[in-house]
Amino acid sequence: MKTFKGGIHPPEEKQLVKDNPIVDFPLSSRYHVLVQQHLGAPAKPVVKAGDEVRKGQVLSEPLGFVSVPVHAPTSGRVKEIGRIVHPVTGLLAPCVVIDADGRDEWAEGLPMERDPFAMSRDELLDAIKTAGVVGMGGATFPTHVKLSPPKDKTIDTFIVNGAECEPYLSSDHRLMLEQPERVLKGAGVVMKILGLDRATIAIEANKPDAIKLMREKAPAEIQVEALKVKYPQGAEKQLINALTGREVPSGGLPMDVGAVVQNAGTCAAVWDACARGIPLIERITSVTGRGIVQPKNIRVRVGTLLREVIEFSGGLNGAAKIIFGGPMMGIAQFTQDIAIMKGTSGVLVLREEDTNITDYSACISCGRCVEACPMGLIPSTLSKLGEKGMWQKAKENNLLDCVECGSCTYVSPANRPIVHFVKHLKALSRAASAKK
Amino acid sequence: MKNISASNPAEDPAREQATKLSVYVSSSPHVHSTEDVPWIMRQVIYALIPGALVGVYFFGIPALKVIAVAVVSCVVMEVLWQKLTGNPITVKDGSAVLTGLLLAMNLPSGAPWWLVVIGSLVAIIIAKQLFGGIGNNPFNPALVGRVFLLISFPVAMTTWPEPRSFFSQAADATTGATPLGALKTAIFEHGTIAAAPGMNLMDPFLGNVGGSLGEISALALILGGIYLIARKIITWHIPVVYIATVAVFTGILWLINPEGYASPSFHLVAGGLMLGAFFMATDMVTSPITNTGKVVFAAGCGVITVVIRLWGGYPEGVSFAILIMNAFVPLINRATRPTKFGAVR
Amino acid sequence: MISSILLLGGIGFLAALILGISAVTFAVKMDPREKAVLDQLPGANCGACGFAGCAAFAHEITVNPEAEMACPAVNEEALQAMSEILGRSLGGSAPLIACIRCKGSPAETTNRYGYVGPRDCRAAQIVAGGSKGCQYGCLGLGTCEEVCPFGAIIMGEDGLPHVIESLCTGCGKCVSACPRGIIQLIPRTGNYIVGCISRDTAKEMKPLCKVGCIKCGICADVCPFDAITVSKTTSAVIDQDKCRRCGLCVSACPTGVISALRVPQKARIIAEKCKGCSICEQVCPAEAISGKVKEPYFVNEGKCIGCGLCIEKCPSDAIERIIS
Amino acid sequence: MYYILLIVGAALVNNFVLARFLGICPFMGVSKSIDTAVGMSMAVIFVMTLATFVTWLINFYLLIPFELQYLQTIAFILVIASLVQLVEMIIQRVSPPLYQALGIFLPLITTNCAVLGVAILNIQLGHSLLDACIFAVGAALGFGLALVIFAGMREDFELNNIPEAFRGTPIALVTAGILSLAFMGFSGLVK
């Protein structure tokens, strides 16, 4: 089975939630829609307190090409442009607070019916941008940017990422099982945009039902590839490497080796945006972990408070850590008063015994991190440099090639927070170059 | 940054607060493998038990005493040092116990208690704590302890009690020579290995020979080593390459001149090669970090071992070879950096 | 005897001759500044600067304007000379001192969560923005202490850093290291500092910190010199140029967030010099000076606030500072 | 074979730094980074061989004929010092890259007792001119080897948490001591 070099085998823990069908999260009375939900240039709110908004209406306009709008998740009245803790930075960030009117009325002209395959490439890209589609695996990079490679890059490979290598999470898995058409048709639209006549759907072998279903449903030009179960199989560079044998050059992007990767959930969102004009206002999220009473896969509106999601899932049970995303790359949260974002692929609640809060000790140079690193780095050296804050030397040791997948940190017997040290060094390096 | 090593939750206000808040926040990842440093150290200690048992079987109570003194004094030294310097106490990681056990296994069973204590002092304080404690020592502490003793107290360190069954320990313990020592003497006095007494392979394989109390039984050590490899504590690279280098090197010379050089099989089972290859050279802290580096390191150990054994003044070269190669580790690590993903070729 | 003298002399002469000739033949042009810098260096080639000898060090600091003149063996004079040669400033402006602008020890403040990770404020800050409830307050992990090259900052029992005045050189390393920006360099002559930079309103601050600046404005009101500014969203700031170190703000502050670096020095009139002109009495904002015209005046130490206005105005240099 | 043993003997068994304790000053001073250590080693190899060559000639063609062996030390120092200066100047002019690589270290070597040591040892051991030069190469190789491995270790020490009192030279001396112990394993290798 195809795979890459390095990587780890953490317990999958998918059984907690993988067989639970997606359930719709009921309409809330209030939504907190963060203005900035994507990587890139900021967006600016275009509504003000007291405005009536309809479901799908634009709440903020993008400032720049690498930016997307956000939309109202339901109809109602804008209470205020408030501030709420941003799940990524942990600091207060602007959000549009909407009091739902309960009617859940679509904005004018939505949803529409149109044939994406009759549209031009530019029309499709515009539809994707207007709908605010971003990478839904968690990175939240604007999708239309990823689908507009510069002219000098020839794209010959399109991969639909259904690997879902993060332990615990099953949102892509459920999506592929329950709505395979959305994924496949979305993939078709992306192929049209890229001008390709074939694509590959990559799924880790621990989802045999999804592989089987996809093989049945997929048209001839879309090939379904089973991948070895290994973390981080779903990381873009590793995925391309496993399927094509190509290595994205250091400091480069997938398009440098002619590849584009889109998450399965993003493909579904692309379909909605292009065929029905529906903006990205809801997503499928796995609410799971042993710290949650009833793990569920939910279809939830962007802007729903975490507190409500947890209540809906039966409440907490000895929670020690609440994470947006998966256990390997997700972001720990300290409050339940935060809102679900476009990139929230999972809400993971870990008990103290499932997570890791013991302190770290000196590196014993066992070399496990070197074995585990999918990027061919020496994480132990980076962690030692991190302890001393020596970012220049760390850069000589390929600091900037680290993708922060967490494999090294998972295996470190001395429990060293290597990823944290790497983030720290990168921040120091950024601060130093900002000064110049 | 201060308090690099584990800080005590009770002394750490941030942590104390955390237990009250019930929600922790840290950088990703949020899950961790169950294998930690104490677990690794325990596995190595388990793997050493067969070798130690054979030593106790053949050398009796004195061997047990040496082991006990070494382990206890190493632990005490570490605690004392960390108390005196105001650092967190880290004996719970088991590394001091392991150092003590390894040191004991590198000593003759007749070593007096004070000798063992001096060895522990050198191993723990000079070779380990002065460099910053666990993880920071460039040299294998147990070997530094042993080599220090060997050079400072050559007589006490080369008085090898004769092995005998545990159940027939007599008061008048006699002393003899190690197989390698006998070999060296034979070559030195007669110029040929033919004069070396009793060069059978079975005794050193099982352990019925003179020598350091932990090195005598190749079989027990190989069993322990296989356990370590099976548990993935160590990789095969260092032991296999080390042993293979010794075998090939001595084998070539033996084929050229069987009168002047002992057979490779003898060199493999005699002396401390198995102990060194499986337990001393594989010490994670003092061996290279990449597998390529480990191969280079082990080959170097093998060559130096044979050079010292065959042509040097000392009959045994394993300890010296590993210490010398320890010094090369930083250079090897630099030379054998893995190719990064996406490196421009 | 003769032969030995001849021999050694001969070898020496020959060597000198060869060296002399080759010094001319093989002369290499060199940046004159580099040579001048090299002349100032001790020439011991000790390697303590991290370079291979004095020449390499001289080359580096000549070529690279960013390189630190970090020769530990060079004296003040030579350092001065070197900076003149290289046209660098030694930072000769008013001496500065670092001040910690947060008084929120763990006992006075709340935490948002339990932080697990490296004990470095900068590292802690990048995980969810730091664990302290107040997003402006000191994280207390001692990074400033760690980066201070002079050991001038120590983490106190209260979990906050403290600057040791005599050791601080005002180099500013701590200022750039602090992710919260709570360390400020003030002129060494300055004495009072507001220990809070929070932009939170009093209401927002209440659950987070008991000792922050609540923006009440009392300090600005009591300040006789208009040296303090404060607004709803900025903590009080003392203009060190206007401040006359009277210390009225310290006693007026309801949360005790303003503190003194050292005890204020009060004024004393030297009776022999005083001509009894009464100017001091007129300028004193605290009515602490009294006396009769043409007779020596005296200072009421209990009332004196140590502002030093009288010292400045006295035409006959009759007033000095004392430590009370 | 004899020459190999000569080199091995001088480089490993009687390593100038680790067994004879000569040249400790540059060993400590120039072992902070591998690059400078390599440069220094190259310079030492060069100077040691050249100095040995010249001093041997001086000894056998000047000092002995005039029965002035008691002036050996002074004469050697004089010659070595001027030689090094001369070489430095020539290299600086002729080959700037080489000067960049090792020229800096040349003046340092003047005061390196290992150079004088090897010159005097060569006379004491009664080596022929060729022997003497090979011995010098071996000794310099040994010096370089010790210097480079030492520099590697010291670069790593920067990342370690060595107790404050032992940072820098103290821990370097401890390390050198342990390394010296390890190199004693080679004793008896060459008689």
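Residue numbering begins at 1 within each chain, and the chains themselves are lettered A, B, C and D in the order written.
Note that in this section a residue touches a chain if its C-beta (ideal position, glycine included) is under 8 Å from a C-beta of that chain, and two chains touch if they have at least 3 such contacts.
A quick note: this is a predicted structure, and the numbers were derived from the prediction, not measured.
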Ask   = Which chain has its C-alpha centroid at the greatest distance from the C-alpha centroid of chain A?
value = D
Request  = Give the chain pair that accounts for the most C-beta pairs in contact.
outcome  = A-B
Request  = Quick one: report the Å distance separating chain B from chain D, using the average Cα coordinate of each chain.
outcome  = 33
Key: Length of the line joining the C-alpha centres of chain A and chain B, rounded to whole Å   = 48
Query = Counting in whole Å, what is the centre-to-centre distance of chain B and chain C, each centre being its mean C-alpha position?
reply = 53
Remark   = Touching at least 2 other chains, the residues of chain A are 90, 331-334, 357, 359-360, 362, 387-389, 417, 420, 423
Task = For chain D, write out the residues touching at least two other chains, lowest number first.
result = 161
Key: In chain B, residues with contacts to at least two other chains   = 1, 4, 7, 18, 23-27, 132-133, 136
Remark   = Within their complex, chain B touches chain C through residues 1-3, 7, 13-15, 17-19, 21, 23-27
Chain D - residues contacting chain A, complex = 158-159, 161
Ask   = Once bound in the complex, which stretches of chain B touch chain A?
value = 1, 4-7, 9, 18, 22-33, 35-37, 39-40, 90, 93, 132-136, 235, 284-291, 333, 337-344
Query = In the complex formed with chain B, which residues of chain A make contact?
reply = 5, 8, 10-11, 90, 167, 237, 241, 247-252, 319-323, 325, 327-334, 348, 350, 354-367, 370-371, 373-378, 380, 387-389, 398, 401, 404, 406, 409-415, 417, 419-420, 423
Key: Footprint of chain C on chain D - complex, ascending   = 29-30, 32-33, 36, 39-40, 58, 62-63, 66, 68, 71, 74-75, 78-79, 82-83, 85-86, 89-90, 92-94, 96, 104-105, 107-108
